[in-house]
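Each in structure tokens, the structures are laid out below.
Next come two complexes built around chain A: one with chain B, the other with chain C.
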Partner chain A sequence: MKKLIANREIEVNEEGYLVDFQQWDKEICECIADECNVVMSEKHWEVVEYLQDKHKSEEPLSIRGIKRSGVINIKEFYNLFPGGPLKVSTKIAGIPKPKSCI
Partner chain B sequence: MNTQTETLESTKQGTKVKKMLFILSKATIENVYAAFVMANGARMEGIDSEIFFTFFGLEAIQKKKLEHLHTATVGNPAMHIPTMLGGLPGMEAFATKMMKKEMEKLDMPTVTEFLEILSDSGCKLWGCKLAVDMFHLKEEDLIDDLDGILTIGDFYNRADSENTQILFI
Partner chain C sequence: MKNLLILGAGTAGTMMANHLVKKLPTQDWKITIVDQYKTHYHQPGFLFLPFDIYTTKQVKKNGKKFIPKRVDYIQEKIDLIEPEQNQVKLENGELIAYDILIIATGTKIAPEEIEGMKGPKWQDNIFDFYTYEGAKALRNKLREWDGGKLVVHITEMPIKCPVAPLEFAFLADSFFKNKGMRDKVDITYVTPLSGAFTKPKATEALHHLLEEKSIKEVTDFNIERVDYENNKIIDYADVEVPYDLLVTVPTNMGDQLIERSGMGDDLNFVPTDKATLQTKAHENIFAIGDATNLPASKAGSVAHFEAEILTDNILRYIEGKPLKEEFDGHANCFVETGNGKALLIDFNYTQEPVEGTFPFPGVGPLKLLKESRSNHMGKMAFRWVYWNMLIKGIHIPFVSATMSEKGKKLEQVN
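And then the complex of A and B:
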């Protein structure tokens, strides 16, 4: 389905995740972040970049991966993306919601 | 019709789980991981979670024991081996090894690492006072990340909010 984000028609799934990563850019990112009550800081961008890299190399995302990432620790991760950190951060990063249970 | 839809909406809003409390009373790998995966899964969904370790569940937070948990091969019909065979020396160790290998493939953290993840994620970890006394355990026997030792009454008080669920494992 289509959703108006930053005055552009963006293709998203029923949970609001971007379907086509090509449509993602910083402006779109900030708008989705705003919807998730997140104000992007330098650390947020760093995490978003990390998530996108992992997605590109087709490595599954998990909280254990975050712990070992060297980019951010779990406590900080929860603070930066409240209300389900991996769920929220992947949405902001424009990549699919992780399917893992851990 | 309108009122019906509204009622449905408000019910939907009103029943969303906000807090999950787990009571872990067993120390077999599958039970410990069930509690850990569910408690962590709750945090990942933005749901509060806490674990109360009681009786044999305490093994999962004892520094010396937590990395030596086993799976049961006797009295476990899902093993699909005769009970007598399950009791042979080395069977339990073998089954445990196999299970750990499979879990590693799924990128499951070890017990130590899982406890760290849970604690860092804001999941509260509690020891049961009665069981701690019964097994003559001291604070230094238990993990440093433990949030405290509670009576069951204290634990129930932590359930004193809307949309809280308690699960016994």
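And then the complex of A and C:
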């Protein structure tokens, strides 16, 4: 389905996650963040970059992975993205919601 | 003479030994299997042990009984895999060279990963039921427990048999009802997932059952620590769940051997091709069962389906043929729901558990995703099937290694 984000028509799934990462940019990112009640700080951007890198190299995302990321500890991660940090942060980063699979 | 070496004589390793002994010519191949333990446990039985449904004798047997005579069975701890030298070092210093290696070292619980879990209250009011010792200690506790808050908890995914903690909650409900003390027990199911199960369709059905049995759900709970002094678990978002009796499924990790050998991921699982079961790093090393990092359930049924495909692929590898990319993640699990009923789920990498009949399209007799008495009978019959057919590598009639789509109301997973 299409959704108007930053005055552009963006393709998203029913949960609001971007379908095409090509449509993601900083402006889109800030608008999605705003919807999630997150104001982007330098640390937020760092995490978003980390998540996108992992996604590109097809490495699964998990809370455990965050612990070993060297970018952020889990407590901070929860503080930066309240209410389910992996779900919220991946939405903001424009990548699919992680499947905690199996 | 060439050597095929299997590490681990659990469900997957034992099945592979039984399959390969029939396929590899005696004059060309020597098959060796190594495991440090004497006992072969029927792990699905650990679910029933705490409730006195199974006895300790029903869940363990001498492992040697299940290894074919032609296979060299070494009972020794494995120290290291040295893939560059194509050899495995045992703890006693002995070296075993191999032409083909199969890793079947499974997964273990790692309660020490969470602060306070394996502390002074471990097996006092904090228990696991994923080990023989844990399940037995919990049985003794439940025999005497006079009620209070029971919390059934999953630490993090992936875990072996992801439905087991749910089944535990369902069986606990029945157990306390039968004891006439259900009103004294408050059951809460705590999971890091957003719902009762990993697949949405089954989650719906299971959520309904939890409600029906007055079992509370706490979802999206990522545990940070166990406060064993105040009897509560605390997650990273500072949500607290108090307990009187905590039954947890600790972090599941691959064997430390994998870490020592530098062959695993973050959780010591071996990166493996999900369709061929060849490891990603070495073409003459294959992995099967819980030891792999496959995005499939860690379950005996999965290992069983994998074993049929891996046997084919090992023969193909020996003949220099391309490997079959055939494994589809097929899992088939009975979910015990208490009161002598169970439901059955059948799914793979891409297909969610759905409603329908199994194994005969339109006939059954087993119903998918629906509670029934015959599903429960199926689950109970499985212990016999396990000891007498499954680990001996005897094909189970009508159940194929890849998932059948017949007789099912299918929906694609995205």
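Rule of thumb we're sticking to: the second predicted complex is superposed on the first by the 100 of 102 C-alpha atoms of A that agree within 3 Å, B and C clash if a C-alpha of one lies under 4 Å from a C-alpha of the other, contacts with A are read in each partner's own complex, and residues count from 1 in each chain.
In this section, a residue touches a chain if its C-beta (ideal position, glycine included) is under 8 Å from a C-beta of that chain, and two chains touch if they have at least 3 such contacts.
Everything numeric here is computed off the predicted structure, so don't read it as measured data.
Participant: Once chain A from each complex is brought into register, does chain C clash with chain B or fit beside it?
Facilitator: clash
Participant: May I ask you to decide whether A:S62 touches chain B, chain C, both, or neither, giving the answer as first, second, both or neither?
Facilitator: Touch status of A:S62: both partners.
Participant: Looking at 91-99, 127-135 or 307-315, which bit of chain C clashes with chain B?
Facilitator: The one stretch of chain C in steric conflict with chain B is 127-135.
Participant: Would you please give the residues of chain A that touch chain B in one complex and also touch chain C in the other complex?
Facilitator: 62-65, 74-75, 78, 82-85, 87, 100-102
Participant: Given the complex with chain A, which residues does chain C contribute to the contact?
Facilitator: 156-158, 162, 192-194, 198, 220, 222, 224, 236-237, 266-267, 295-298, 414
Participant: For the complex, give me every residue of chain A touching chain B.
Facilitator: Residues in contact with chain B: 60, 62-65, 67, 73-75, 78, 82-87, 100-102.
Participant: State the interface residues of chain B toward chain A in the complex, per the touch definition above.
Facilitator: For this pair, the touching residues of chain B are 37, 40-41, 43-46, 106-109, 113, 116-117, 120-122.
Participant: Considering only the defined contacts, which chain A positions touch chain C in the complex?
Facilitator: Touch list, chain A to chain C: 13, 62-65, 68, 74-75, 77-78, 82-85, 87, 99-102.
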